[in-house]
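Below, each structure is written out as structure tokens.
Shared between the two complexes below is chain A, which has chain B as its partner in the first and chain C in the second.
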Partner chain A sequence: MKGPGGTFMTEYLKCGGYDAFRRDRLLRPRGLGRRDLVSGLGAGVAGSFLVPGGMRAADRSASDSFAPVAEENALIAFGHTGPITDGGWTTAHDLGVQAVRKAFPKLRLVYVESVPYSADATRIFRQFVAEGAQMVIATSNYGDFIKDVADRAPGVAFLECDGHTVTDNLGWFYITHWYASYIIGIAAGLMTKTGKLGYVGTFPVPSVYASANATLLGAQSVNPACTMNAIAINSWFDPQAATQAASALVDSGCDFLCGITDEPAYLRVAESRGIKAAMWNLGMRQFGPKAYVSSVVLDFSRFYVEQVKARLNGTWHAAPRFLTLANGVDRDSWGETVPPEIATRADEMRSRILAGYNPFRGPIRDNSGAVRVPAGVVMDDDTIYQWDWGVQGMTGLG
Partner chain B sequence: MTRFQRFPTAPARLVLAWRAAALVAAALIIGLLLALSGRNVFELAVLVLKSTIGSRFGLEDLALFMTPLILTGSAVTVTSRIGLWNIGGEGQFYLGAIGAAGVGLYMPGSPIVVLPVMAVTAMLCGVAWIAVPTLARAYAGVNEIITTLLLNFVAGLLTYWLATGPWRDRVTGALASTGRIHVAIPEFWGVVHWGFPIALLVAGGLAAIMTWTSWGYEVRISGANPGAARYAGMPTRARIIAVMLLSGALAALAGMFEVAGTVHRLQGGMADNFGYLGIVVAVLARRSCLAVIPAALLMALILDAAIVLQTRQLAATVVLAITGLVLLLIAIGDELAHYRPVTPAVRLPPSAPVATPKVTT
Partner chain C sequence: MIALLTGLLSTAVLAGGVLSLAAIGEVLAERVGVTDLGVEGLMSLGAATAIVTVMAVPDPWAGLLAALAVGALGGAVFAFAAVVMRANQVLCGLAITFLGLGLSATIGHSVAGMPAPVTFAPVRIPVLGSLPVIGPAFFAQNLLVVPVYLLLPAFFHWLLFHTRHGLNMRAVGENPAAADAAGIPVVAMRFCYVVVGAALAGAAGAYLSLAVIPSWSEGMVSGRGWIAVALVIFAGYRPFNAAAAGLLFGLITAIGFLGQARGWPIAAPVLNMLPYLGTLAFIILPVVLWKRMRRVMAAPAALGVPYYRSVR
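Showing the complex of A and B:
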């Protein structure tokens, strides 16, 4: 049976960005055509299908900003990838939604949970538009399913978490979670005894590569023999599959689990098997206080309030936005069983990153041993955001 | 003395009347529960009607929902005519999508050439996917329900593997899907593409074949009474094979329409359970190929209403429960349609005691 969302294998992509990180070259200069933007984006972001879209966008009168809306007339719609009670990703976004509700008590907010990654997503976004929403925010990647709707509703502002496409009325945002993962990776490298890390992955998509690679690179920076075994469970929210994957990883000798699922299932496995685990989305120590090391914690509240405010003022415009370390994404305070000296060592890297250091520098080899990032080259956020290969020592993510 | 007796057949007008009553009852129960949970039922009802049949936007969505539902519903209906159940519509849908995407991604040329090739390839893939269950059924008597069902999971995972592996989109990189396919079924009314009228024609064509051709007659007899069909010299086995392969092709065509008409990429999970919903449609259609169309419309209405209700913070699970309630009540209505009042032809004199048969042991 189906319910929009309550489906057999449809749960899908997600992930997530910030203004503090506006790089000027990514921002669309006012009055410039879309194709200029596409060329400005460079690299792989400029999909071939962007260009015709850009031409269509150029045909209609390209309005740079959207008319101001009075708070009491505004309708802001959120499409979530999972249930808001998932205790992780969607809960983190829902906390942001609640912050918006608090900041703008008179505006109308609607949301839909468990929007599947399928044509049903298009229907839900179209429904938002039909109900008169001035702004639609998808808390996960919906690709063409949201772009098709945005292209047909030029007056509505669209924002997509983990998106890769920018048009006149569709922007994306994402958190640079790889820095937090790297910091936690250092702790992992120092705490593992077997040198084998386990990763409960979802889909082989760039956000998952970035998260797993960053953790492993962090671990290898202090413990070069570290390897990582990843399992993709083809879902963002499937506690049963995550539990099975985590058990299999522990059975194969991993003594430190990390991952990117939306819920805390593998932390419970780690707690019951007496090993350590690092989480993602929210602080989750209550599900396994002994096993809990830290978590890549996300906070979208400030970003959402700013974006909604900009839309109400009529100053919003579509742009790519990264939320940076300590501005929407960070490591959680360390778990009770993390030795203080290890926590200090990992936090030293955090201070360096906050001071502008980028740990993703060559040489970095892929899992076949070939050098993919030559010595002296630094992977910037745009490059990491497109990561589609596993680093040396990674198995299970090709 | 009038009493109700169950008849093996149910006349269409009684079925329709009971189903209408079932829908009204379902609406009342849902309305009552929503009112008890403190919602404004009237406002919700108006919104649902406006967003489904009361606006062009809603009608477009209905047509898009109906397109795959008609085809997967037809796929199950044709097999049910010969007494079999193809539960593998979901898998054949995926194979159709894979076949169509493979052609669409790698065959250059104008849409007028590529689209038909996509359709044919998709149907051949669907046929290939159901071939093993078909032959196992026809020659070894293996229950097709199990084999077709289990292949769904294989097909779903195969799609994930292709979409995140060899055919992965390396241009935008982010989606667990293939690149965008360069050809699309043209749209003729808003977002409604030509797959919709084609699906209607397919359903009409199947109904005509089943009703008016000797092939259709043989299929129906083979389903109604296999022994009699064999005795009459009908090639039952050949008909079973043909019907099952046709069924696979129909579900696969739904996959091709979804790839080329609405999604434009191959993605894991893209079947959206249309294959399974096809079974529901077929049950609602009561084995009539033509009735698949209104049955698909009803299912599309429920799914579309579900999306509207979700934007009003009804969880997707509540919507599933509503779907289940509607289907349960319709099933009860269908059963009730078999009952008709009968009056005994010979009246007993009012004073005579009612004769009870004596049971001797």
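Showing the complex of A and C:
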């Protein structure tokens, strides 16, 4: 779903222009985004590469499922949802890819950027298999587009970020970012003067609900009057729309912005309007040092290295995996303008969560006032992962 | 209420400037009969070039100049193919778009995601800047706003409609054979204004990456070049209308976000649809309600048709 995509030309030029990339990008004749006019053309180009490979994968017997592979013979393939230079989500995943390269220098690593959410994705994953990849990792949810490939390539391990399906050789992983959001929400609740938080959202999907709700619940835990206005900008990456959305939120009285976009546009708005903001994906204080409070930082390095190692050893198995707080997701170190007592108070909750406390406990009401999580009930990660309603005090997001 | 209006208009002016600048450039190219669909790529190229330039020379004007130059260069490549060699304009335009998107990703790769070291910072123009609502929106923003919305449209309107040179330009767009017979250098005229238009598209990219965002990332233009091309039709191929159309588009987008921020009882997807609904409405309504508009707003008769002197 994510990312605007490059073009055939982009990929071609990068192949020629960057030696460092050329080595890793033997398989990259595409990367067309859905918005590109000639995506049909790209599909044709991609398709022609793939016919023999699909056959080879089907021939592979099930008996060598996840057999150990020597590092120098291994091929690990990544399908990125956006360009690795997006400065957010895909950059965070690329840092993980770099960690894998460092940990296994003899391994062959390939990746394709801006894999569209369409049948083109199937072709790209199938081509990975055709090239002989032992493991394919997708950095976003590709649903049936990846499952179809996995079902026909039983010897290949598939991992999907933000996925929902587990089969014999397809697993998914996701970060439990809601705990980091909750911690940042506490700081937001203590720092806001108007009691109105602004949220620059993308699409009304569970990860966005979980992020926005967690931040608001964190804020309400210290400042019960807090409310949140959310805007869906219909894109993971559109700095100009995010800028406009952020300005609209500030004009409506919000004095603390948070969100889930792939880039730092709304932090700059916060900086220029003299309010505070918390970010997502990576530490971004350089874009607005005065406004910067913290960020939900993602770190896939350890997870990717572990997973690749397990695959090489032949011990990998398909499973749903959550990367927990301090193991792949955390709050960034606090911004320079965050008062120490507020940072301490938020970090107390961080310590409690690390010790096993779950702050998502009933009663939790939805934005119509109805109790959705009764008193005494705790929302576990699986429930939060499916969150599709806004909590009390939330407007926008439906 | 005043504060809200001011905020709304300021956001619209800032964001709409990108579209206005690119649309004014496209008006020039289309007035001389050339459809330049390379705007998206040229904007992207301009945006990347501007950031790379200010990283080396910390002066936003240097970035703008570099973007103008790169836009003009891209425009010259396009004009050579589409005007001099008379290749299909639509295909050449698409090629320039993809070339521009790809090249800009390559040029900008090393600086992607980094904040611009210098930007077109807001400057308050004395007296005018203190007018209510309009002051903060037009005269207290970055220094490109006044040229984009007032000076450039005024200049090109004067050029197109109040000079003999402008009459010649329009003649080239309406009937190149007649213009040629009258001694107007058709190819030179087309080449020149395609290049000027492309330079403005490059400048629109610089405006985006130095004044609005301000940073470079791949895919940052995200379709605004195409919107600029559409706005030219809506604007009836007139510079002032093009600038106003950019502003209107910015305003409608801003209203959509404001509606969501304020929790208006309208579904978010409907509010997100506003710019497109608005464009449809503003194209259809004037033509339906006011028959004369059909003639006034019509496209140049020879738009998109390569000119061969030897034929006929």
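Going forward, the second predicted complex is superposed on the first by the 334 of 398 C-alpha atoms of A that agree within 3 Å, B and C clash if a C-alpha of one lies under 4 Å from a C-alpha of the other, contacts with A are read in each partner's own complex, and residues count from 1 in each chain.
By our rule, contacts are C-beta pairs under 8 Å (C-beta built on N, C-alpha and C of every residue); 3 or more make two chains touch, one makes a residue touch a chain.
From a predicted model like this one, the values you see are computed outputs, not experimental measurements.
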item	value
Contacts of A:Asn141 with chain B and chain C, given as first, second, both or neither	first
Which of chain B and chain C A:Arg123 touches, first, second, both or neither	first
Chain B versus chain C as contact partner of A:Gln240, first or second or both or neither	second
A:Pro204 touches, of chain B and chain C: first, second, both or neither?	both
Which of chain B and chain C A:Ala77 touches, first, second, both or neither	first
Touched partner set for A:Val110, first chain B, second chain C, both or neither	first
Chain C-contacting residues of chain A that also contact chain B	3-13, 83, 114, 204, 232, 234, 398
Residues of chain C that touch chain A when the two form their complex	3-4, 7-8, 10-11, 15, 18, 94, 98-99, 101-103, 105-106, 108-109, 112-113, 115, 208, 212-215, 217-220, 222-224, 250, 253-254, 257-258, 260-263, 267-268, 272
Interfacial residue positions of chain B with respect to chain A in the complex	51, 55, 57-58, 61, 64, 90, 156-157, 160, 164-165, 168, 170-177, 179-180, 191, 258, 262-265, 267-270, 272-274, 276-277, 280, 303-304, 306-308, 310-313, 315-317, 319-320, 323-324
In the complex, chain A residues that touch chain C	3-14, 17-18, 33, 35, 37-38, 82-83, 85-87, 91, 114, 198, 204, 229-235, 237-241, 243-245, 247-252, 254, 263-265, 268, 286-287, 395-398
Residue ranges of chain A touching chain B (in the complex, touch as defined)	1-13, 44-45, 47-49, 77, 83, 110-114, 116-120, 122-124, 126-128, 130-131, 141, 143-145, 152, 162-165, 203-207, 232, 234, 386, 388, 398
